[in-house]
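Below, chain A partners chain B and then partners chain C, in two separate complexes.
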Partner chain A sequence: MLCSRHLRQSATWTWLLVIGATFLPGALVAQDAAPGGLGVVRQIGKPESPTRSGEQLEQITEEVSAKLRCPVCQGMSVADSPSASARAMKDEIEELLAQGYSPAQVNQYFESTYGEFVLLDPKRQGLNWLIWLAPGVIFFGGLAGVIVVMRSRAQDPPVDEDGDLDAYLDRVRARVGTHSTRE
Partner chain B sequence: MSKPSKKTVGSSKRRLNRWVLAIGFIVIVPTVFLFAKSFSFDKEFIESPLLGKPAPDFTLTDLDGNAISLSSLRGKPVVLNFWASYCAPCVTEHPTFTAAAEFYQDQVQFLGVIYQDTEPRIEAFNQQFGAWGPTLIDPGGKAAIAYGIYGPPETFFIDREGVIRLKVISAVHPRLMKETLDALL
Partner chain C sequence: MYSTLGQAFVLIALTCCAIGAPVGFAAGATRSEAGGKWVMRLAFGFAASMLAANLVMVAALLAHDFSVAYVAQVGSTATPTIITVVSLWSALEGSILLWGLILGGYIVAFAVLQRRGHRDYMAYALATALLIGAFFTFLIAGAANPFRAVPGPLLTEGPGPNPLLQNHLLMIIHPPMLYLGYVGMTIPFAMSVAALLRGQLGPTWLLPLRNWLLVALGFLSAGIMLGGWWAYEVLGWGGYWAWDPVENASFLPWLTGIAALHSAIVQQRRGSLKAWTVVLVLISFLLTILGTFLTRSGVVNSVHSFTQTPIGPMFLGFLAVLSIGVVVLLALRIDTLATEGRASGMASRETAFLLNNLALVSIMFTVLVGTLYPIAAEYLRDVKVSVGEPFFNRFSVPLFLVLILLMGVGPALPWGASDWRTTRRVLVRPLPGALVGLGIVFAIGARSVPALIAGALFGYALVVTTDQALRPTRLRLKKGEGLPTAFVESTKRIPRRLGGYIVHLGVLVTFLAVTISSSLQTSSEAALNPGDEATVGSYTLRYLKGETREASHVTKQAAVLEITKNGRVVRNLEPTLNFYPGRREPLSTPAVRTTVTHDLYVTLMNTSRDGSIGIRAIITPAVVWVWIGVFMMVIGTVICLIPGSTRKGGSSSAEATELSAAEA
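Take a look at the complex of A and B:
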């Protein structure tokens, strides 16, 4: 009797542990976004990394914030902007990273709400390649241009570019009564 | 040593000049375009990625302390307006919201969310102009982030199923308000 009660209690505890292990991570994910409780549901999924804190969290928050655009500024990152909106975004970034979301997940979340414009580094796809390749094209194009010009100048002998100059000078010399000695 | 003819030298120079001009054109035009694009910033031309997607759910309290959940309003269209007392277009669009809230009454739920503002200022604003619906407090601006707000006012039209159908940046025109809500009803 005692034995069977003990077994039943053990089974109950086992089931509680199984249920806890199954649903606790989900509950942690939804902690900020609990329907019924105060908060906002973030459509971001489950954290992919372990939780972070301290100096590591501070450093990674700076890194992620530096790559997201402040929505109310002109070309400033969330990390650099002193605006209230940027501060709120930075707090959100820190909170997500602390919960174990990866930088890629955080970027994805902000992109899913603000659009690609929020990313300071545009994705390497489609027309964005123009932005990534333009500096190299400009540099090497300019360099090629300079080389072509310098080579052509080195090859070309100095010539009289003004074809009418000789005729004009002949006229001048004729006027002053001298003959041209120029070949 | 034969001297190159002036005509030949002149035409090769012209060819070279054309090449330099073409390279300059190819390089400079995209550069100017990219700089102009990166320095110009008009949020009205940024399309929200949330259009056609389920509106992010939230539960926030209004100025009277009542908790309001977006998901609990499923079944009727919702007009969700992020606004602030310091924002001039918010004052401009206020009569449009007041008139729409009176016109549609229980058919449509109008919700305001405070964007980066203080409660005393919002209360003073509501006392001066009147409140057209519950004014929700957004601690930490999390709802604003979930909706990708660039600056007030921004308004979302959410259909009966909770899907975002339209986002309006800047003041909502009365005609746009009516046409959109008539289409959602």
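Take a look at the complex of A and C:
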């Protein structure tokens, strides 16, 4: 199993190199020259959106690469990592987005290469729902608890606090020999 | 020689713990005075032998005695003396040895400072602390023994400590700070266990409990901040926090510790939340052990790697035993800490404190679940899953905003019940601050909704915090005292109050700096030949030349860049790529120009044979304020620990407590 994954990875790397070598210079010269590598099309289909460029492309590349994990780093995103492979991966993300692939398609493409591990935002499915729901359940459950506690406190018979406390404080002050600064 | 001597001291320490813990529990149960004295002596014995063991290790490191396992692991005759000394905490075995010393130091400080008037709690608390000490000493004596003698012929040279830890001063102070925070949680834990065993948590025990919690939290804050600062200065990606499992592990006890501190305030003022405070303190300590387990066992990298050393399973077992013990103890004794609280209304400061606890505990849970889930998923689904920054930010940012809201609303609201008109008055008054905050954040260019909300909440909270911090001074001013006298006198009376609000100010500064720095980064990348220029923001970077520098264990490639701002040469920056033998990818060390308003952060991405380089330059606003804010928190914490002048002369602290309530 380890072997096959390894093989698949090296096959993908070869593909990446081929795609990069073939299309990157082309894409730099003329945006519409290449519609996308055959391997990409086979994995995630045809681009879903119109082609992107300029500031829009830059922004969406940042967004997408912030949610993909740099496979060789320790828990760092492709956007943050200074490592060479993360730079290469970011270029690839930009290339795919420029061709009009949707962010979901780009995620799918990298997931099919590296596995679910590459997604920094876990997919909303199966067991993963556990962590998507837990924070809300904790917070709103706790909020209900706080409301119940405060309600029951407020319903306790009101205590004549100021009277009690003032008398007590006077005694304390008399003993300690200080004066009040109470508002 | 060092090996034998060191192991002897460790065994003495273990003996002290093994005898001291049961004697202490028995002395607590029987209220035996003689027993209490013996626990105290054994606690001192533990601390003294831990100190001796650490000194022996430092001596062995300085003597380069490679027959000692730990020296053979991290020592090197080529390392400078200061690095040799601090390599005591550069690897697992040495860290645990230092851990033992710190625990000993805490126990002695606690025993000495709290020895008067707490005899009934003291034996239980020391016994608990020694029980924890027993586990760590057991590790030092066995599985993580740094003094183990190396068999075979004597080595004459070692590899030296981890290179990553050698190249920055911050890495020398970050680990001890963090340990002081982690280990410091043992004292509040021991005090809470003592309160449960005794079935009582009175104000005389609560105040020291709060102070020891403060000490641990102060060190923990500093330790976490230094770690982030180190990552920023050394790792080269331009950030300081990545929600990495190791960072999360240190953040978890911080969150529950802060929650416990706040619920202790409610308990002190209103008598309620006693059991809850104790539960939070117990959880905080369990989280420090969990954190140590996560970071030291390698389990976060892979479920299967943690059995490679016996340390992981041992920590897990210890954590399990502790958790079961805590649950059983709570089940048996929690009813003894019944609430004796007074009634309070919905719109009161108590509600704000409860919501503060809710938000902090929710963040803790989110981070905990997110950190542990990949381990669970690998175990249950056999799939490696990542839970990263996008996930943590999505859930924690709204909760942090709730906290900032509460930092504004909470201190403005009065304790107890209040009528609708008062509530409206105190809550409306600081609103102009919110408008100003919103305006400032908008003016410096933030447009994202969370950042703008944060700006408004910061402004509001800042007004309330300053107002509250200076209230006693203002009251004295009204009575005709001069400004300096009024400030000094009111501060001297209850330093805690001022300290607390300084901590709040620090938190606001840090949160605001994090908000601004994470939402307003601008970066640019460029490939440069010698003589070429690149621009980022108002800076121009000119590539002068490349240099190769050889040092022992590392080859550095530096790029010398001349930095010009608005046409004026500012200085040169020299980012480097460090090539360590045995590492596939080089480590990039950034060069940073820090100013009050922003940082220019330049990383060398690559160098090629034709002399061209790839660089990344990032301008991040306000980064320095992240550290300044934490520094303020630490200062505030220190001020909180200064005893108030009302407490001197033997007047009971219960009275002081009531007096401080009156000042609010």
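Note that in this section the second predicted complex is superposed on the first by the 93 of 183 C-alpha atoms of A that agree within 3 Å, B and C clash if a C-alpha of one lies under 4 Å from a C-alpha of the other, contacts with A are read in each partner's own complex, and residues count from 1 in each chain.
Keep in mind that, in the parts below, a residue touches a chain if its C-beta (ideal position, glycine included) is under 8 Å from a C-beta of that chain, and two chains touch if they have at least 3 such contacts.
As the structure is a prediction and not an experimental result, all values here were calculated from the model.
By the touch criterion defined above, A:91 reaches chain B but does not reach chain C. In the superposition on chain A, A:138 makes contact with both chain B and chain C.
In the superposition on chain A, A:130 makes contact with both chain B and chain C. Contacts of A:119 after superposition: chain C is touched, whereas chain B is not reached. Once the two complexes are overlaid on the shared chain, A:76 sits against chain C while remaining clear of chain B. Of the two partner chains, neither chain B nor chain C is touched by A:56.
Contacts of A:148 after superposition on the shared chain: chain B is touched, whereas chain C is not. When the two complexes are laid over each other on chain A, chain A has residues 72, 74-75, 84, 115, 117-118, 130-131, 134, 138, 142, 145, 149, 156-157, 159, 161 in contact with both chain B and chain C. The touching residues of chain B, counted against chain A in their complex, run 3-4, 6, 9-10, 12-13, 16, 19-20, 23-24, 26-27, 30-31, 34, 38-39, 41, 43, 46-50, 56-61, 67, 69, 71, 116, 140-151. Chain A meets chain C in the complex at residues 66-67, 69, 72, 74-77, 80-84, 87, 115-122, 126-128, 130-131, 134-135, 138-139, 142-143, 145-146, 149-151, 153-154, 156-159, 161, 165, 168-169, 172-173, 175-176, 178, 180-183.
Residue ranges on chain C touching chain A, taken from their complex, read 236-239, 242-245, 272, 341-346, 350-351, 354-355, 358-359, 361-362, 365-366, 369-370, 373, 376-377, 380-381, 383-391, 394-395, 399, 416-417, 472, 475-476, 490, 585, 588, 603, 605-606, 616, 646, 651, 655, 658-659, 661-663. Within the complex, the chain A residues that touch chain B are 32-33, 35-43, 71-72, 74-75, 84-85, 88-89, 91-92, 110-115, 117-118, 130-131, 134, 137-138, 141-142, 144-145, 148-149, 152, 156-157, 159-161, 163.
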